[in-house]
Amino acid sequence: MTVAKSGLTHLSAGGEAVMVDVSAKVATERIAIASGRIVMRAETLALALSGNASKGDVFGAARIAGIMAAKKTHELIPLCHPLQLTKVGVDLEADAALPGIVVRASAKALGQTGVEMEALTAVSVACLTLYDMLKAVDRGMRIEAIELLQKTGGKSGDWRRDDVEAAKPSEVKAP
Amino acid sequence: MTVAKSGLTHLSAGGEAVMVDVSAKVATERIAIASGRIVMRAETLALALSGNASKGDVFGAARIAGIMAAKKTHELIPLCHPLQLTKVGVDLEADAALPGIVVRASAKALGQTGVEMEALTAVSVACLTLYDMLKAVDRGMRIEAIELLQKTGGKSGDWRRDDVEAAKPSEVKAP
Amino acid sequence: MTVAKSGLTHLSAGGEAVMVDVSAKVATERIAIASGRIVMRAETLALALSGNASKGDVFGAARIAGIMAAKKTHELIPLCHPLQLTKVGVDLEADAALPGIVVRASAKALGQTGVEMEALTAVSVACLTLYDMLKAVDRGMRIEAIELLQKTGGKSGDWRRDDVEAAKPSEVKAP
Amino acid sequence: MTVAKSGLTHLSAGGEAVMVDVSAKVATERIAIASGRIVMRAETLALALSGNASKGDVFGAARIAGIMAAKKTHELIPLCHPLQLTKVGVDLEADAALPGIVVRASAKALGQTGVEMEALTAVSVACLTLYDMLKAVDRGMRIEAIELLQKTGGKSGDWRRDDVEAAKPSEVKAP
Amino acid sequence: MTVAKSGLTHLSAGGEAVMVDVSAKVATERIAIASGRIVMRAETLALALSGNASKGDVFGAARIAGIMAAKKTHELIPLCHPLQLTKVGVDLEADAALPGIVVRASAKALGQTGVEMEALTAVSVACLTLYDMLKAVDRGMRIEAIELLQKTGGKSGDWRRDDVEAAKPSEVKAP
Amino acid sequence: MTVAKSGLTHLSAGGEAVMVDVSAKVATERIAIASGRIVMRAETLALALSGNASKGDVFGAARIAGIMAAKKTHELIPLCHPLQLTKVGVDLEADAALPGIVVRASAKALGQTGVEMEALTAVSVACLTLYDMLKAVDRGMRIEAIELLQKTGGKSGDWRRDDVEAAKPSEVKAP
């Protein structure tokens, strides 16, 4: 595949979708960290945190769903390469100020492609699971700010959201 | 299962996760519509829309990924029931004001449980696919505002975000 | 979805892919039968049929792979509806005249959509499995003539290849 | 596993199916290219190519379905090894002379087993998807000539269909 | 399919595997309950129950894995029909006398086939998950006595292990 | 992740489930062998072994189901790493003394994590498949003694059940 002039590596020169050839890339350690959050009513969060709502299982289900989803990333995203993840972690934290729950996921692999999509997929599915576990009492919840925080490894090198936002503060903000 | 006093139907009285028993519910037509968006740099959107970036395939891949993901919802979300979807549709629209792309998905089934999670999953995976297709030129993109717009059918009846937001305008807004 | 003027129900009026809305269709019994074949060297077929090659397991593996694939049809074909198959059968028969093996599959469901794709997928994957089991001795095998033989049920009614071919004998023949 | 005298590596000496032990094989770059075609009425092809039928999406859906199916090969074919594909590409070309559409797929991996089945699976599922997208107007379409064109890498070395067919022209032809 | 004289409905008269035709069966409510246990060293169980070992998550992970596996039953067991489960529950209980953990699962559906395999699969995968979570400290654990406790619904009617064991006490005991 | 003081590597210091980070481990050849059995009435075994019951296919289906399940281990067990199996074998043997069928599975990979779960999963699903194939004539069958027999490779080194049982004969026996 000749990479399109556009710089979009998932598209051939002819503009057709293709799973990018990474066979010439060196296998290096890849790490990615992503985050997101689900915003809800204060009462919903209080319930999720109370003993009655069994915080353990709501949070536990979301954590496991996120980890399992990371392993399914290449089945969900059409042009993602399958890879052998060496680690996935999902952390959840209640944030009364939102009010809501903040999700953060990390993924790691030794491979020829990055693991950004695995980390982002883990965050997305953990948030969807929280929605599912709590929707009986609050259908108005909203999933927000799913984004990559940092990546390391690979030819394109390291990337950190903080650096980008410091340089161009207003550009990647949601409206 | 005795539904917990908390109102969270996915948790038994003892606080443990369970796939809710819906066998006594009547099968009715269920419809859900959800939306979300991915925010990017203006140049990224311009590229996605230009001939060079083959809009057709970027948009087409995201649409198909969203539809296929809706069918996988019960595999991703631990306590979702499998169901026979009778329709899934995913629409994408460029929005220069964001700048970014707005995604909207609808799901339909004749069944004993709602299809909210199917519509939300379709939106999430379509957004993740857009991220994947465009990330080579813009890692700072952010997925925003994944939310249910409306649902119809089922014992809990119809629900519309507009009604909720009109009544309690500040409560479900993201910060 | 408004069906496109073109008659292609998988495309919306705007030309975009969509999983067709079948919610208004009546659930009727659907049956489809499809066939195909894999053509090989005479020695390959002899080996497959001999005791040394354990005919039972080569044929058994292909039969089971075909049945299991039918259940995965909606995961493989982007716009297929998930459905509850009530029966899948796969038959294989050696044909010395080809030489090769003829595969025939039937699928049945009570549903709002047909099961043609399930039968065709079963045939395709059974043929691929035969290729896989025998490829160590014959990489030149060729899968041929995967086609629908008949379908019954549904609004479009019954269809039989024989009727079509009797009417327009030369049109759907492979070159 | 002792390889059976028959030369069929998927069967043990006792004739039972087994996933061949490839642990002693050297990991080398493996490439495979396969092709196939779907034959249809001239009107069906014309419709697929016309603006009304949204060629982009019919072709785009088939291409993506083929790529995604290649990643599922080891789930579909019972004795295939899971492997980390480094590239999959699917090309489709209308051929008025058939009339129909020719599908060609390539697969690549660094591994201990070949990728022939991945390329053949991509072709098969792309053809099935074309059938699904167009079947509303033409149930008589036929999938033809799914075959390996070439493979490189591995202990058995390179293989090209052209070489085989030049040597034994009549043997692997379909009837 | 003509049911074989042997009484095994998964085999055709010719002895070949087939997914049984259930299309003529009436859809009734099906319930099945199964159980099993994992036996471990007393220290392992103590650790699993202690705060250090985070009982909540070990038990929570097994419960969720069992529920999710029930939904995959038809993908794992070749001749199982896909069905729409209306409920799955998995309960775990520590038993110091074993020492070990007892797993019990229930499954429910309105359908033409029973849900015994779904309940048994949930128990099996919950036990495997417990093994996985605890194997770092005890590789000698053993999964025991996975069995159906009762089923209701369907033409063959209700069945209870207790009745069978009361009638023929020595026949179905493990050695 | 800091490994918890408890020695359970799947739990973080905070007691939350996590997919263990194996990125610093050396890739070595991993082998695991597991076994289990299904106990049934003497008549059921006789039928399974008779010509009428087509032993070939019952045993063949269980063998293939076990092999395919091993490849799905990381989808079933929440915290298992995906890995590239280089071999999976499943053997079944009738044992008139049980009466029943003994299942033994081996798995192999070059990797950073062991393959114990893959071997145990293959045994479990092969047993479940036997149950499914024979349940029409004997619902009282029981799956017994699913256990690891040996593992080699990895930092924790080799392990054999025989050594453990010789040293502590009564401890890991089921009641």
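Which chain is which? They are A, B, C, D, E and F, in the order written, and residues in each are numbered from 1.
Going forward, a contact is a pair of C-beta atoms (placed from the backbone, for glycine too) under 8 Å apart; a residue touches a chain by one contact, two chains touch by 3 or more.
Please read all numbers here as calculations on a predicted model, not as lab measurements.
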| item | value |
| --- | --- |
| Shared interface partners, meaning chains that touch chain D and chain F | A, C |
| Chains contacting each of chain C and chain D, listed by label | B, F |
| Chain whose Cα centroid lies at the greatest distance from that of chain D | E |
| Rotation angle (°) superposing Cα atoms of chain B on chain C, nearest 5 | 120 |
| Chain pair showing more contacts of the two, C-F and A-F | A-F |
| Equivalent interface to D-F, taken from B-C, C-D or A-B so that over half of the residue contact pairs match | B-C |
| Geometric centre distance via CA averages, chain E-chain D, whole Å | 38 |
| Between chain B and chain D, centroid-to-centroid distance (C-alpha), Å | 34 |
| Sites on chain B at which at least two other chains make contact | 16-17, 56-57, 60-61, 64-65, 68, 72, 75, 78-79, 82-84 |
| Chain-level touch network, classified as line, ring, star, complete or other | other |
| Chain pairs that touch, as defined at the top of this document | A-B, A-D, A-E, A-F, B-C, B-D, B-E, C-D, C-E, C-F, D-F, E-F |
| Parts of chain D lying in touch with chain F, wherever the complex brings them together | 1, 12, 16-23, 74-75, 78-79, 81-84, 111-112 |
| Residue ranges of chain D touching chain A (in the complex, touch as defined) | 29, 60, 63-64, 67-68, 71-72, 82-91, 108-110 |
| Residue ranges of chain D in contact with chain C within the complex | 4-11, 15-17, 36, 39-41, 47, 50-54, 56-58, 60-61, 64-65, 68-69, 72, 75-80, 97-98, 116-117, 120-121, 124-125, 127-129, 131-137, 139-148, 151, 159, 161, 164-165, 171-175 |
| Chain E - residues contacting chain A, complex | 56-57, 60-61, 64-65, 68 |
